[in-house]
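Got a structure here, written out as structure tokens. Questions coming.
For clarity, chains are labelled A, B, C, D and E in written order, and residue numbers in each chain start from 1.
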Amino acid sequence: MMCEKMFENTFLEEILNITLLSLKVSGTAVLIGAIIGIPIGTALGFGWFKGKMMLTRIIDLTLKSIVNTFMGLPPVVVGLVVYLLLTTSGPLGPLGLLYTPTAMIITQLIMAVPIVTGVTMSAIGSVEKTVRERALSLGATDRQAAWTVLREARTGILTAVIVAFGAAISEVGGIMIAGGNIRWVTRTLTTAIVVETNLGNFDLAITLGIILLSIAFIINLALTIIQFRGQKR
Amino acid sequence: AYEHYLSSQKPIIVLATTTSVYDSGMLDYLIPKFENKHHAEVHVISVGTGQAIEIGRRGDADIVLVHSKNLELSFVNSTYGIHRIGVFYNDFIIVGPASDPAGIKNLTNSTEAFRRICERGFRGDATFVSRADKSGTNMFELKIWSMLGITPSNKTYAWYIEAGTGMGSVLRISNEKGSYTLTDRSTWLSFKRQLKDMDILVQDDKILTNPYAIILVNPEKYPNRNYKGALALAKFMISNEGQELIANYKKNGEMLFKPLARKIELARELGFPDQSNELAWYDKQKP
Amino acid sequence: MLTIEVQKLSKTYSGRQVLKDIDFKVQSGEVFVLVGPNGAGKTTLLRILDLLEEPTEGRILFNETPVDYSAKDKVALRRRIGMLFQQTKLFDMSVSDNIAYGLKVRGEDKVTIEGKVRETLKLVQLQGYERKNALTLSGGEAQRVSLAQALVTEPELLLLDEPTANLDPRNISIIEEVLTNINREKRTTIIMATHNMFQAENLAHRVAMINNGKIEGVGTFQEIFGRPSEPVKNFVKFENVFSGLSTAFTEGTSIIDIGDRLKIEAAFKKSGYVMIHIPPEDIILSSQPIVSSARNMFEGRITQILETESAVKLKVKVGESKNFTVQVTKKSFKDLQLSIGTRIFLVFKASSVQII
Amino acid sequence: MMCEKMFENTFLEEILNITLLSLKVSGTAVLIGAIIGIPIGTALGFGWFKGKMMLTRIIDLTLKSIVNTFMGLPPVVVGLVVYLLLTTSGPLGPLGLLYTPTAMIITQLIMAVPIVTGVTMSAIGSVEKTVRERALSLGATDRQAAWTVLREARTGILTAVIVAFGAAISEVGGIMIAGGNIRWVTRTLTTAIVVETNLGNFDLAITLGIILLSIAFIINLALTIIQFRGQKR
Amino acid sequence: MLTIEVQKLSKTYSGRQVLKDIDFKVQSGEVFVLVGPNGAGKTTLLRILDLLEEPTEGRILFNETPVDYSAKDKVALRRRIGMLFQQTKLFDMSVSDNIAYGLKVRGEDKVTIEGKVRETLKLVQLQGYERKNALTLSGGEAQRVSLAQALVTEPELLLLDEPTANLDPRNISIIEEVLTNINREKRTTIIMATHNMFQAENLAHRVAMINNGKIEGVGTFQEIFGRPSEPVKNFVKFENVFSGLSTAFTEGTSIIDIGDRLKIEAAFKKSGYVMIHIPPEDIILSSQPIVSSARNMFEGRITQILETESAVKLKVKVGESKNFTVQVTKKSFKDLQLSIGTRIFLVFKASSVQII
């Protein structure tokens, strides 16, 4: 039944609309997530919270574990929490953001930040200590030295972004609750896949999945080229 | 209950049903009683109606319990499903903001109510949230609109919001947006306490009745499936005992599903012309 | 300009004391050279001076002000210091960008940076390498880029850790002169670690001999190496090091076959592979074969003579390829009338043969 | 209504059952995913598919982009594909694995492999080439050298496992379709969260989410301690 | 044992030819030393011999069999070769495990490994360091562990890239003797790159001078450095390197102030900072001040005399701290009756002053 519709104009238009929204929501979430997550990941990777005392070491390890744990935030729970925050009677209700793309971005952002942070943390940790020392020795401020280390860790940082983007673009449980999957407004590729699956239209669901992956592939091809350009010989 | 499930030597019956039935909690109440009696284990897969039927058609379930007449009929016509029988029904209600800008409160004619919502909608005073997921509920809603000669879409009508999500979410969206919506009573009761600004506005319209059917998966197509178990489960649900148990399942003191299997006349009205034959056939089968 | 004072400095790494009670003072404009064996603690000391490592005890004063290692921001002080690390590791950028790094972080403008980078590249003789990725440089090229990195910001204090370890002889001369000139013209204080004795002699105003984490002596090169103390003796080049299979005899002596059909008798009892050392001062020269209690006598030919103010060193070739170094006083050198090519006998006691 | 149940014995029993299943499914999927993904990631990280010819370079980049893309496989689509494979009439139907924990493990495995592969690939790529050269020079076979590089990249590899575990333990769309979310049989913490959300029991849903995160935290704390032990000074 | 033949070998990195038409042959049991300036291509050549880098053109034969660089499995051949890299980088393991690595990958049993590791640690004088993490070692310690890694598997061919760059003098002597002994006892072929002329002289059976990617000459140390060719002259230590501010005059000469109140006149026209070099052979010694066309004359005092078979080198201190090196023939040395402490005049022409 949906299949005849495949070639209707509106159908294609809707697919386009859905695809663009997917990209917009996940792209924005990951972008902001990177802006927040990379600095935190850098700080943690450097062990800036790690002093010489036992206590600060425990704090450092705990923070890192929390980040690692939050890489596995269940989307549905995040969606629910965002819902409860944005609902009319909730603390942020007056902003009127519920069931908007913004709500979806917030949801995915919450999931993207720990992922970017966690992978960045590990990438930074694997850059040799000497890079930072050299930068400091050459007169760099802590911030400039961090920047230099980031530059050397760029492959890993880009992986952090790629992983977060993968998680965001494929996520559905959270944006479904926070965005409401409203047609033409908050419907994305993944939520559309869920709708079609519920209808038993498995073919269409998989077709949408392939569209999703194709787009992700093009983006990743670009990112991968950048990533492996930056790789050390 | 746990020990009961641990002994999984028992034959397994896979029941594919819709989320709306499963989420009512009725099956969790009903099925253990069946399992105790028949020494079987029922695995409930709760998905969308379309998906439930698709699962049945592919032979991944032994029996389906769904509510979407067209899909059910095509399932039976394709000979993958057999012996469709109405088992119980509940009703849809129109809910909306207590302020009721469309003024539909206490109407018993849902078509009229929809007309008023639409009218007000075009004036920008009212909005309506549709599940827009081609679920049983959504099909009902679309049928009413089509009776008014309207094919709504939120691309063209700003007042018509198509939220492709579960009933609970749709209720929440309606609550947030102060919109009207069509819901099954069971989900309404589950979510009622979270929907502070909403009331039931229209109910008891005949056309809002929502019957659920049982369909067995054709054993000729899938000989390896547990046809006997499916038959036993169906027989249990349409038995007097089963129907009584259904009638006794209540939430907040309200009955969620009303027995249908043995109300031949009502069943015929609700789209089960062969109810008496099927009932006779089931009663004839050995347990 | 900077004066540096190190007071009672100690550094412990996981229980092991790497620096012990280090005390010294470096004047502004001085070239202060740290010499000492591998693992003595030179690098650790330089790293502490560069504020990269915190001392376990004691303190450092720059211009009489103690350094606060716990301070969040040590940038201001660090920007007055340039350091060349022992392990050259450059940033994954072009040579120019590597050298420009220190200027960039100081916010210098592009024109200044370009000019200074060009100038410094010339100093280290690497014109034409601007655009090359620094990670593809050869060992010596990389070390010179590292030096350029440290020099380009014209620091008041230069810390150099083995600055010429990977350089070819020509570049060593050039870099040494560059350092001399910087010290002379800009009054830059230089503290450097080196294993190159010539370098220490060439550059040092004062030398500190550091051994096993402790300073064993501070003074001019002559003061330290002219009349060497025990640690200094242990440090300088071992001449007359040979190895081979040793056979022990019951009398408590051993015969070591060092190849070239030469066998050395030693006053220890050890079989198997050994490495031995005969101090050049312990060898007696004689024009005639002599009969004595000394157990070792070899005939050889003088191939080189090095006269200095304190003594004369001779290289004597024995057999096909063994070079012995002999140190004699100026007087006996004169008396024996030695010159290149003279055939001579080397005599030394079994007890002069030391095992390493 | 659920809240009174909280203290009933069966309720706690069920939570325990659900939790253990979650751990079993995600743990197994990630373990197998690591066994498959780490070698592939290593091979790709080394650029073993990269020769000198333009063509092999394109193949190499394409393979890497595919891995990066598959880090964002939409769970619902994976679940569907697994379903279509395991369905009675499907190619693997005879195995009778549909709606079993095994089906869920397969689903999560498909998602875990690209994640482990992708993050491993980047971690391996950031180990200096000299480590491998030194190993080879000392007489290591290609395999032994790879092992040595892996050892040096261990922080990153563990991050790969942590990210994959996070994705698996929080995943719901895939196991819902392939596992059927059958009570006492294939219900996990995340699918239970969905059920409770559908029922409007947000408190319980969030409580389950907190249980999920607490368990993930304990696991991650252990992994993080291992991870940062292994970090270079 | 291995013989190595290199035929018409070239290597190009991104368009730049780093090795050009290299041809040489190394006999089994020979010690073959590569010397040459930074960036000459020594490391590249050694890496190609270790099968880590593929030649762009030409080929290598081990025991007359050409190496197949494209072969998937080069392990068997590589296991007969040990290499010490110029940049020491150890594995993040204990010192023992680092040394044991080569044995482990060869599947040796635990007892053998333990024994060999202990033995090798002793050779490089690092007993007691077994359990230390290799990344915390000092520069010289790390370099010796690297050497131990290469030695422990008793390879037939040892490739050494600057094996003693970070070692202290004492350890240099020891390691040199270890290498000599291994070569003598086990007939291990050794190809090594070094900047240390003494080392080349001590160890080399033959020396290859490599410059700018080309081999400029192969022969014994004496053959190469005794009568040096132009590239060899450019390579060896620059004596008499000075720098300072130069002022150009219209007549086409410049005066360079090299500090210590010494001013040198040169036959070029260049203002600003310059570095200059005066070849030691171009300086004339005279007991009296002489009047001549030579524009430079300084008085100094002889501090050191080095006599070799071919010539005599003198160090003359001028002013406070400037050391000049002068090379004279044996005959004129005799005639002038020079000895340590003699006051003497150095005379050289403005045209002998070269700009670097």
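Heads up, the rule we're going with is that a residue touches a chain if its C-beta (ideal position, glycine included) is under 8 Å from a C-beta of that chain, and two chains touch if they have at least 3 such contacts.
Everything numeric in this text was worked out from a predicted model, so none of it was measured.
The chains that touch chain A as well as chain B are D. The chain with its Cα centre farthest from the Cα centre of chain E is B.
Work out the mean CA point of chain A and of chain E, and you get 54 Å between them.
Our note on geometry: chain B versus chain E, Cα centroid distance of 89 Å, whole angstroms. Rounded to whole angstrom units, the spacing between the C-alpha centres of chain C and chain E is 16. For chain D, residues that reach two or more other chains under the stated contact definition are 83, 128, 197, 202, 232-233. Of all residues in chain C, those touching 2 or more other chains are 87, 136, listed in ascending order. Along chain B, no residue makes contact with two or more other chains. Pairwise, the chains that touch each other are A-B, A-C, A-D, B-D, C-E, D-E.
Considering their complex, residues 13, 36-40, 43, 86-88, 125, 136-141, 144, 161-162, 165-174, 176-178, 180-181, 184-185, 195, 197, 202, 234-239, 241-245, 259, 273, 275, 303-309, 323, 330, 339-341, 356 of chain E touch chain C. Across the complex, chain E meets chain D through its residues 50, 52, 72-73, 75, 78-79, 81-83, 85, 87, 89, 91-92, 101-102, 105-106, 133, 135-136, 149-150, 153.
Note for the complex: chain A touches chain D at residues 61-62, 64-66, 68-77, 80-81, 84, 115, 118-119, 121-123, 125-129, 153, 155-156, 158-159, 162-163, 165-170, 172-173, 177, 189-190, 193-194, 197, 202, 205-206, 208-209, 212-213, 216-217, 220-221, 223-225, 227-228, 231-233. Of all the residues in chain B, the ones that touch chain D in their complex are 1-2, 5, 14, 19, 22-23, 25, 28, 43-46, 58-60, 166, 168, 190-191, 193-194, 222, 224-225.
Those residues of chain A lying in contact with chain C across their complex are 128, 130-131, 133-142, 144, 148, 151-152, 232-233.
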